[in-house]
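Each of the next two complexes has chain A plus one more chain, namely chain B in the first and chain C in the second.
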Partner chain A sequence: MNRQKSSPRFRFVGAAALLVLLALLAPALREGDQRLYLLAGGVTGAMLLCMIIPARLFSLDRLILSLALYLGAVGIISLAPANPDAALIQLLRCSVGAVALMIGAMIIRIITPSMLTAGISSFLGLLLLAGSLLVSDLPFPFTEAALVLLIISFSSLLVCHGGTAAMIPGVIGTVLLLLQGMTVEAFVLALTVLLLLWSADGRLGIMLAAFVVFAGLFWGAAQLGYLPAFTLTEEHSLSLSTLVSAGLFGSGETVLLPETALPASSLIYPLSENYGLIFTGLTLLLYLPLMLRGASVAGTARSRFHAVMALGCVLIFSLRIPAALLAAFSVLPLPLTPLPLLTDSLPDLAVQMLTLGLLCGISSVNEANLAEDAHLAMLAK
Partner chain B sequence: MKLMRSRFRMISLLLACIFLLTAVLCTVSALKQAGIPLPSAQKLLPSSVSPAPETSPAEEELTPVPTDSATDEILPEATDIQPDSEYNIYGL
Partner chain C sequence: MFKVSPEIYKVINTASRYLFAFFALMLLLFALAWLYDERRKRRERLRYLPEAGNIGEMVVISGSDQLPADTWFPIPREGILGSLRSCDLVVPCPGVRARHLAFSWQDGAGLVIKPFSGCETIVDGISLMDAGKSETPVMVHGSCLQVGSAVLRLQLLSALEHTNRPFAAPAPSQEYTGAFTAQQPQPGMPFQQEPVLPFPDPQVPGYMDQPYPIDPPLSSDPAGDSSLPESVPDAAAASAAPAEQPPVQQAAPRRKRADRWKEDFSE
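Showing the complex of A and B:
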């Protein structure tokens, strides 16, 4: 029975690994570059290895794991034809991300809802945001890590002390993000807190208070000039023309994009340039099953703490996708940001993989609970 | 807990709707940029589908005109137009 259940997922992994292998072998055969052959073997082997050993060892959710690995591999293959060295470095980043995913799956078994968890996570999250505000030229962005820490803090406080206390770190985090001019991130955090309050607390008074506070924050930021001017710029039109210029099936030649055409280190541009709009669109559609699977994990969690944390992780991960896509395709005048997992920023990639690892861990806890239930039911008979 | 799960399902549905709407908007934007007029998509529909209403003069004015960038993409070599070197990042 277990074999029948997991078989389609294994087929997906096989198909994804084959696709990655072909996508890397095609430029390798064309260019005759040894590094591309190395990448083809290394990426495919690493994907299959991750799906076999750690997935079985930690009972990870295979759909989330395989989609995360595939999207990470897409980041590598987007760089491979034009710059094999950059693709090798991206492979190293993805390896670090895979380790972060395993760590996320493990630490979910350690974290329990308590005042200590809430205090440590909210302190660290707010410290990272305040540090980014005070030290403007930090070598690495820490916003993603801070958001995940604030979600852990929110979940813990919601379970231990209710909605009012849980709201406080979210409000302070939103203020710090607005002060840095990170409007999209601030909006994502505010919307996540509001949706989590509505779903897990549900009291109208708390909801209204939270809505008024967040609306007041954004209004105040607009009045004080912390919100950027929302107008389509040259960068947006350059982004759209770069995405569309290679046509539906790619340019057929290795394209080395200039630095100006790569806003915010996003890998969607080289992907579209080298493989075309159809492949890019089909790849981007894979975010949908990833989001829905994450929401399904949240819905089946037995403990309230795990449920709220899982949905918070899904919301923080998912709400940025429409914002990034609408900006990249020049639909809305939002700041250009890289898509989750399709970035060459190591801290962002590692934290996004860690977030998916938390979801995998919650999924494995759910499965363990279901297995225990089945065992108890069998004993009762 | 039951109410929370039903609200979780609503949130996941909301996320899916937002994502699909984003996909449609991005596709439309990409088609426009590529110079493919959207009314031409009606040709793909079967003939049994009722035809589109006649366009008024005001609507005709709104018909997208192929831009210079689209012309460059369709006829990269057969024209005498010299692309601006600042944007000629693909060597066309």
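Showing the complex of A and C:
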């Protein structure tokens, strides 16, 4: 009797569920805390259910979905040993994020490239950025949502009116971000627009014009004093010492993070302190298959709108990772920002999940097109 | 709730730190293997679907030295035609600009052509610069596109759904009449089903004596078989007129892609 070989998907899902279960059971055995037992069962079960049922219901891309849910679960297990209540709240945030992911997968089937789509998305994106500029004490950060809206607007305008028109919301968005002092986000947006223009338009004249405009914006911001001083501060050295303090495999002690100037929303610090640098590094390397899969989805999209939007989502998502890591390890004097999906900020997590949902939706559209082609080819035979 | 002693927990904690690192490594390997597996499966699917993602082909009717006639391009659902190598359809001919026109497929309509400003484009003999802005130039199966000195003909995969030419059923050949008999269905005739004997009902007494509907045996005598053509070509008659026979062809030459398109999508 032949033994059925298990697929990489089942191995990944099984290993991820087992790891999350053990990582939550280990502190529960020490404390005997009911909340940790609840988390162990709830997180593992919810992760398995979300990997199976919505993926089948909405034909979502299983690799992107599984990686997104696993990284969300890593955020929960990083908080659980020290603060079970915070881990429970993070579980609720991840649940909202999972819903946002499915909404994103459905949105992509509705929106089409048109002036209406471009107008609404660029208006909302610029409104969010301008609102953040005018009202300084907003309870939630809306930068992530604004960036995604600007990418949708860019894709729609590029398809309908070409590269020159598509560049305009990106330029205005960069100006608004620079005025708020969000240099990393402004740089990510400008680089994304340039790369999208290069990949989707390809005209040297447009590329050069866009490059000159963005370079002029950053030069002007530096001259007017809107760019922060890029120097390594105490925050950076504290960040580096926090990351390496637990050693390669973790200290084995439950460490309560000191209330310092480190960004509280970043979960890379508790993760590194509780599980060590090797576990953290290997977990962060999981961004690589996520980005590669997103790029593959963009490359196989049939319509230019979907291809540009998928590539934009991947770029917006992935360009922040090296910036956050280089700042966290005190390599570059950039502002400390949380990594995607490893954050306890609900709007950021929801928008990042929504971005991955858009990718899942485009992937499902690609699969549907391929299945239709296969059906037509079968009929032709 | 259940909890273990500190000594046991210390052992569990020490083991788990190494175990979690091992699990993280395995997860990374599994994710990369999954990614590789998906790409391999997709490549295999695309190998059996060479036309996947394309709506048809553009066949060059007349081009240039760099673009000889009968060259064909696969057409994606949307893209840019121009002389730049970064275009989706590269037409290196005199008069074709770097980015000449944009095209996109609309289901049920055809290939919508949007020439860039100042780019002379002719579809089926109608110049799009002269056409009103309200008109949307659409190419259908068999439409000819003229850009610069190049003339391209569109061949769609879904040809019969997107053509502006009337589709007529082929008339039966008048020269060779022996292929069909009066009993046989012919093109254009409604299908007549032959009467079929019902199976005997086993509930009826004596059903074994009833005739059983079996297929008639194949006749070995062609003269008595009415299903064969009435006028079978006579070998003697054929040998008497050897001049009328078509010349015996040797191995068929390899057909060009454009010829195969003509046959596959002939109207």
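As a convention for this text, the second predicted complex is superposed on the first by the 372 of 381 C-alpha atoms of A that agree within 3 Å, B and C clash if a C-alpha of one lies under 4 Å from a C-alpha of the other, contacts with A are read in each partner's own complex, and residues count from 1 in each chain.
Throughout what follows, a contact is a pair of C-beta atoms (placed from the backbone, for glycine too) under 8 Å apart; a residue touches a chain by one contact, two chains touch by 3 or more.
Worth saying up front: this structure is predicted, and the values here are computed from it rather than measured.
Engineer: After the superposition on A, what does A:L285 contact: first (chain B), second (chain C), both or neither?
Structural biologist: Both chain B and chain C are touched by A:L285.
Engineer: If we overlay the two complexes on their shared chain A, which of chain B and chain C does A:A15 touch? Say first, second, both or neither.
Structural biologist: Second partner only, chain C.
Engineer: State whether A:L243 touches chain B only (first), chain C only (second), both chains, or neither.
Structural biologist: It touches chain B, and chain C stays clear.
Engineer: So, A:S95: does it touch chain B (first), chain C (second), both, or neither?
Structural biologist: Neither partner.
Engineer: Once the shared chain is lined up, is A:I321 touching chain B (first), chain C (second), both, or neither of them?
Structural biologist: Only chain B; A:I321 stays clear of chain C.
Engineer: A:G276 in the overlay: touching chain B, chain C, both, or neither? Say first, second, both or neither.
Structural biologist: Second partner only, chain C.
Engineer: Which residues of chain A are in contact with chain B in one complex and with chain C in the other?
Structural biologist: Residues common to the chain A contacts of chain C and of chain B are 202, 285, 288, 292, 296, 304, listed in rising order.
Engineer: In the complex, go through chain C and note every residue touching chain A.
Structural biologist: So the residues of chain C in touch with chain A come to 1-4, 6, 9-10, 12-14, 16-21, 23-28, 30-39, 42, 45-46, 48-49, 51-53, 76-79, 84, 86, 98-99, 157.
Engineer: Within the complex, which stretch of chain A touches chain B?
Structural biologist: 195, 198-200, 202, 240-241, 243-245, 247, 251, 255, 257-258, 261, 277, 281, 284-285, 287-288, 291-292, 295-296, 298-299, 304, 307, 311, 314-315, 318-319, 321-322, 325-326, 328-331
Engineer: Can you list the chain B residues touching chain A in their complex?
Structural biologist: 1, 3-5, 7-9, 11-12, 15-16, 18-23, 25-27, 29-30, 33-34, 69, 73, 87, 89-90
Engineer: In their shared complex, at which residues does chain A touch chain C?
Structural biologist: My answer: residues 7-9, 11-12, 15-16, 18-19, 22-23, 26, 28-34, 37, 63, 67, 70, 202-203, 249-250, 252, 275-276, 278-279, 282-283, 285-286, 288-289, 292-293, 296, 300, 302-304, 369-370, 373-374, 376-377.
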